[in-house]
Amino acid sequence: MKRFTRMIYKNPDEMVFGKAKFPVSQRWNIQIGAGYVLPEIKVAPVEGSEESKEKMVSECRNITQSACDRAVAIGLPAFMLEQEHIFQQTNNPEWTAECTQIQAETLENYHDEYDIKISLRATPADIRLEERSPGLRESDYDNKVMESIEASAANGASDVAIETIGGKSVSDYGIARGDPKAILFGIGVLGSIDMEYMWKRIVNVCKKYDCRPAGDTDCAQANTAMFMAGGLLDKDCSHTLAALARAMAAARSLVAVECGAIGPLKDCGYENPIIKAISGVPIATEGKNAVCAHSDLMGNLTAAVTDVWSNESVYHRQEMGGTTPEVWLQATGYEAALMNTALQTGQEKVLRDLYTLTDKYRDPQGLVLAYDNAYRIGEAIVKYGNDPYLRSRAAALEAGAIINEAVDAKKMYLTRFERDSLDSALKIFEGLPAESDQFIDECLRKYSRKIAEFDPKSYEL
Amino acid sequence: MSYEELENKMDQTFIAVRYNVEIEGAAIKPEEDLDVVNIIPTEEPFRAIALAVLYEDRDASLANVEKALANDIPPIDIINKGLMKGMDAVSLLYTKGFYFLPDLMLAGDGMMEGIKECEKVLGHKSETKGTVVSFVAEGDPHDIGKNLVVMFLRAGGYEAIDMGRDVPTVDVVKAIKEHKPIFVTGTALMTTTMTVFPKVVEALQKEGLEVPAIGCGGGAVRKDFVESFPMSVYGVEAYHAPKLADAIVKDKKTWKDLRKEYADIVGEFVSEYS
Amino acid sequence: MKRFTRMIYKNPDEMVFGKAKFPVSQRWNIQIGAGYVLPEIKVAPVEGSEESKEKMVSECRNITQSACDRAVAIGLPAFMLEQEHIFQQTNNPEWTAECTQIQAETLENYHDEYDIKISLRATPADIRLEERSPGLRESDYDNKVMESIEASAANGASDVAIETIGGKSVSDYGIARGDPKAILFGIGVLGSIDMEYMWKRIVNVCKKYDCRPAGDTDCAQANTAMFMAGGLLDKDCSHTLAALARAMAAARSLVAVECGAIGPLKDCGYENPIIKAISGVPIATEGKNAVCAHSDLMGNLTAAVTDVWSNESVYHRQEMGGTTPEVWLQATGYEAALMNTALQTGQEKVLRDLYTLTDKYRDPQGLVLAYDNAYRIGEAIVKYGNDPYLRSRAAALEAGAIINEAVDAKKMYLTRFERDSLDSALKIFEGLPAESDQFIDECLRKYSRKIAEFDPKSYEL
Amino acid sequence: MSYEELENKMDQTFIAVRYNVEIEGAAIKPEEDLDVVNIIPTEEPFRAIALAVLYEDRDASLANVEKALANDIPPIDIINKGLMKGMDAVSLLYTKGFYFLPDLMLAGDGMMEGIKECEKVLGHKSETKGTVVSFVAEGDPHDIGKNLVVMFLRAGGYEAIDMGRDVPTVDVVKAIKEHKPIFVTGTALMTTTMTVFPKVVEALQKEGLEVPAIGCGGGAVRKDFVESFPMSVYGVEAYHAPKLADAIVKDKKTWKDLRKEYADIVGEFVSEYS
């Protein structure tokens, strides 16, 4: 496995939505990152659809057909449909097979009739449970995940993505207690180890089919921190600490690309701009059109360098304006159209900068993901590119420096809680050992004892 | 850069594809459509009568009917073999996407004009497939959806009693008692007026009355809401109304069947019914 | 009453979002059209809330509080809350009073605590029914509407708006049958007459209170046409005819301003850009963040010259991302933030042009509302400014010319249905009498007979 | 214009106001907060024990408790007059917005450590306000919400049985039989796993079992869904859990009461309960 030790982008200004250094081609005449932005639609299966395979297949078909109907009704030239599997789909790979197949068929019909460009993303669920022996590796659940990935690839998915959960037990502990060391260990070390285990296999499976290995997000860790951080007035997780967690997540999610994933990276990876800067792969992101799913503090900023623009996920039901697959594809479709107009008229950098500046100082989490700062974090990562521990730590330190500079420049203002937790985290990180082995040893000793769910065997430690 | 300069840089199809233009086939004469050929009678004077409806020519329609009546053609035949066949063809062309709503409305006007002439000779109202009562919920002024429903029902051969809009719920119940409809259609466009539907059902149940089905539709009405009380079926498109009525009349479907078989009955993918 | 016979804007390029020639000031430190765009949130009361005054009051309070909570959670500097009354509120003015009061109180608390700028718009329902004697004038329903407007003004609304329905009986007939003459009569003549009747009284009521008379939309007519027109593949109303109806609607909705309404004009008036060009008042509009309520074919274009950006209306219920007042305020709030960033950085004209060009050629309805074309239609209107009939006709003819020029330039492509209905409408309009009286006479004769609901007495004709 | 130039033109407060910073009051010492003064005992050694919890000092907490036990202070008093008071103050500061979740977690760790010491002396588990069973629905891996619920319940003086995540429904029923909880909390973050809740209720009903209430919460769970079956109440925030439990234990509230009085019971505006 080749680690990234240099940046693919030469400077941040090169980065812009709709264009990636390494565009991806898929069936049905789709190119991603090749000069246009694709809108994405994703809808959660309705309650009850999990009761039988037939219901789930019909649900998947219905979501697909509604999305297609609206796409042609409003003239979208292209779109991506993602299906995030629920437990039952992944746990029963034949469900995966049939669901994927009906979706592929439906999409192909529209492609044939209207010449519309379509991409189908399948996202099997990572149903592994660390606390249930034998844990993350070679358990029954682990096998089902791989079988489902293969069933997706074999039955018409244009690409597969996943949100793996390696290291979650430790990072959860760290996030809830504001313990920066646990977060670094959970994300930077354990997360990266598990990524390698998963992604080498995923890439091998995809090679057998006309299906691309896309990417993985640190939903289980950095998004948990972001969720707990919540709005400006919430008090469950410091927003500066969440910003550091995000920076570390980039070092972790990069591993998928190092194993052969080619993008577009999955939508809920808010760390994706950093990975794009490092590796040049196209990315999916979400923001102001994902308010149905959750509230973030950077609804525009996340569009700045995106290639696929997503609604994250929404209940499957009726709105006054149509069904939710219709309504939310229209939402992301119109935003993508705006970006494409900018690309066509050569104004993409202006729009990118407006997107960015709208949220750059709304919250420290947005600040570190502004494309210029994302690039800086990327540089910090590749500097220590060969060592997952050191590169996550470097990412966190750089994110801290970025926040502190903005504070000094009187552009970012922090609450006491944010200020204190940042200072304390940076102090801890600065004092950590320079050797990975030593850090791992320390952490194993400390956290194996404190965290019941954490099982070093799941990471071959 | 100026607006004009920006505009000149654009390739519009990159942003928005006019699929309506892209997929448009060649223009054909309506009577040459293969399915229409099978509907329009070959025998005169019925052919001329049907074609006048197909061509949305109200004056010609009237003249044709008058001439046929003068020639002692039975008014029932004029209606069933002529006017209705023309309208069937129009509906079909609408479903196929060649005809548009105004075509339907104008053809319908022509047909109704002809039927009225025939009824004058008949001395009574002509037979219809059945009676339907249509209303807009109390407190609701939105009535275009209801107007369309009424139009489609009439075009489909039903007698549709149009009760108007903002109709007091008691009046709806009264009308149901009076007309014993095979189908009732209610339209509401607001969350706060769709609550009238379960009230109608309750009132009917209190009086021990039943109708085969109450189709409830309109902008803000949701299927889950409509299915939370009995006797009702969620209606999606106005042109589904006669198909639902047909299912009730011809196939003796109940509201329970309609809920289950909606998409099959209307013969197309309906997003709300997966 | 002074009719507009000259344009307030000197050229289309002067128009941009967030700035109006005549900004509006309201309580709670709000300025509209004064250099920033306000997001708007509107939520339909849940089913059952109409059962009692208590339920409705509590519903209104709840919507308000949720919106405020999210506004401060994501850092919005300002927003507008609109409450569109349902039948029961307007029909019982004491409901209006109490609902408005609780909303004003709740907003004021947030204003006091957070210094957030807020505007409260009340939109009583036009519950008049032309077909129920004595019709639109001096009926019981008519009185209730005025009482509700007064109750709104007296109990804390920052402004009042309304969607009046004069002329609807005739325009409905015309829209369903593709009859351009009926549409012109219904919108241009009857609509304008009824507007005058309503708006002189509304402006007088507002003068008594610290409440602004805002505006009126042609929802009942032009939006009905737009709704029937639907998506690209729908077949209920020709999109070219809907475009002409929209142009006429501008001539009709302008009457409110001529009677003393000062804006921001109400969100669902897609004709508002034309009126802004003519009169300089700020406007509310809706588009890509109103997909919850309906689908239009110009989701970005409608933002180009807006001052208040609305979600139209949404079910009151839970999303995964929060309640709908929260979620949809966040949606409009983030878009408004983008526009405000553009204003701050001097890039507003670029963003305006991108918004416009994204939809200019998606559909003829968007085409005629692109700000340059909206300006042209404005010029056509003021040229015949003193005559409601002639100015609506001129608006329609100009819209037709705009579409035809775009077709000739091979920028707009029409279907046969659109082409034929446009040709036929323009031919009819060109052949109409040059005198208003003669036109009215002809129409009265024709449509009184054909349209059962139409009652000339409602218009003093 | 370059990115930097654009950025330099901006006045950020025009776009986004950092209300968290704007409304922040002056820093105060936790023990000087007026409400905290009323909670923390003045008498030693309880004051020192409570303050150690308030300061989230696990080592000091343990040392204090050991000293007090050595001095023959009854373990029950150490828990109730010392440790729990400290935790009450911490919870209060969290509610007031001065303390944050990590404070709660760390103070909780300190408290638990102290309680364990006391229990060693007691020879059995200390009395709690009652037992609660907490689980994450079968097929659902999301567990942070549940973890918070468990933490808040424990901080509030309840024995919370943490069953983990992806818990087979039969095991939940078994645990309820075994522990006879005064309250059950279920967490599900997916539309397709929240359907477990009514199944639990059904299973209980089949066996003729009842619990005062099952609190159902989590990301994708909606109130309307939870209220579509009996015995359940929709839970919004994790810190509401002990308040709901208190209402059950102290005020004998049933699930029906909880549904009606939720906002009052938790003492704040709750958007989902208007």
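Think of it as A, B, C and D in the order they're written, each chain with its own count starting at 1.
Here is the rule we go by: a residue touches a chain if its C-beta (ideal position, glycine included) is under 8 Å from a C-beta of that chain, and two chains touch if they have at least 3 such contacts.
All values derive from a computational prediction rather than experimental measurement.
Undergrad: Give the chains in contact with both chain B and chain D, ordered by label.
TA: Chains in contact with chain B as well as chain D: A, C.
Undergrad: Let me spell it out: compute each chain's centre from its C-alpha atoms, then which one is farthest from chain C's centre?
TA: Here the answer is chain D, farthest from chain C.
Undergrad: Counting only Cα atoms for the centres, state how far chain A is from chain B in Å.
TA: Inter-chain centre distance comes to 48 Å.
Undergrad: Return the distance between the CA-based centres of chain A and chain D, expressed in whole Å.
TA: Averaging C-alpha atoms per chain gives centres 30 Å apart.
Undergrad: Among the residues of chain A, pick out those that touch two or more other chains and give their numbers.
TA: 44, 72, 74-75, 232-233, 315, 320, 322, 326, 337, 340-341, 345, 347, 350, 353-354, 357-359, 362-363
Undergrad: Touching at least two other chains at once: which residues of chain D meet that condition?
TA: 1, 6-7, 10, 15-16, 18-19, 220 - these are the residues of chain D that touch more than one other chain.
Undergrad: Sort the chain contact graph into one of these: line, ring, star, complete or other.
TA: Drawn as a graph, the chains match no named shape, so other.
Undergrad: Let me know each pair of chains that touch one another.
TA: A-B, A-C, A-D, B-C, C-D
Undergrad: Considering the complex alone, what residue numbers of chain A touch chain C?
TA: Contact set of chain A toward chain C: 44, 70, 72-75, 230-234, 287-295, 297, 299-300, 313-315, 319-322, 326-328, 330-331, 334-335, 337-338, 340-342, 345, 347, 350-351, 353-355, 357-359, 362-363.
Undergrad: State the interface residues of chain B toward chain C in the complex, per the touch definition above.
TA: Against chain C, chain B makes touches at 1, 3, 6-7, 10, 12, 15-16, 18-21, 24, 27, 94, 97, 99-102, 105-106, 109, 139-141, 143-144, 147-148, 151, 164-166, 190-195, 220, 225.
Undergrad: So in the complex, which bits of chain A are touching chain B?
TA: Against chain B, chain A makes touches at 36, 58-59, 61-62, 65-66, 69, 72, 74-77, 113-116, 317-318, 320, 322-323, 325-326, 337, 340-341, 344-347.
Undergrad: Which of the residues in chain D end up touching chain C in this complex?
TA: Interface residues on the chain D side: 1, 6-7, 9-11, 13-19, 22-23, 219-220, 222-224, 269, 271-272, 274.
Undergrad: Spell out the part of chain C that touches chain B in their complex, as residue ranges.
TA: 13, 44-51, 86-88, 91, 125-127, 129, 131-132, 165, 172, 175-179, 224, 227-228, 232-233, 235-238, 315-316, 350, 353-354, 356-363, 372, 411, 413-417, 421
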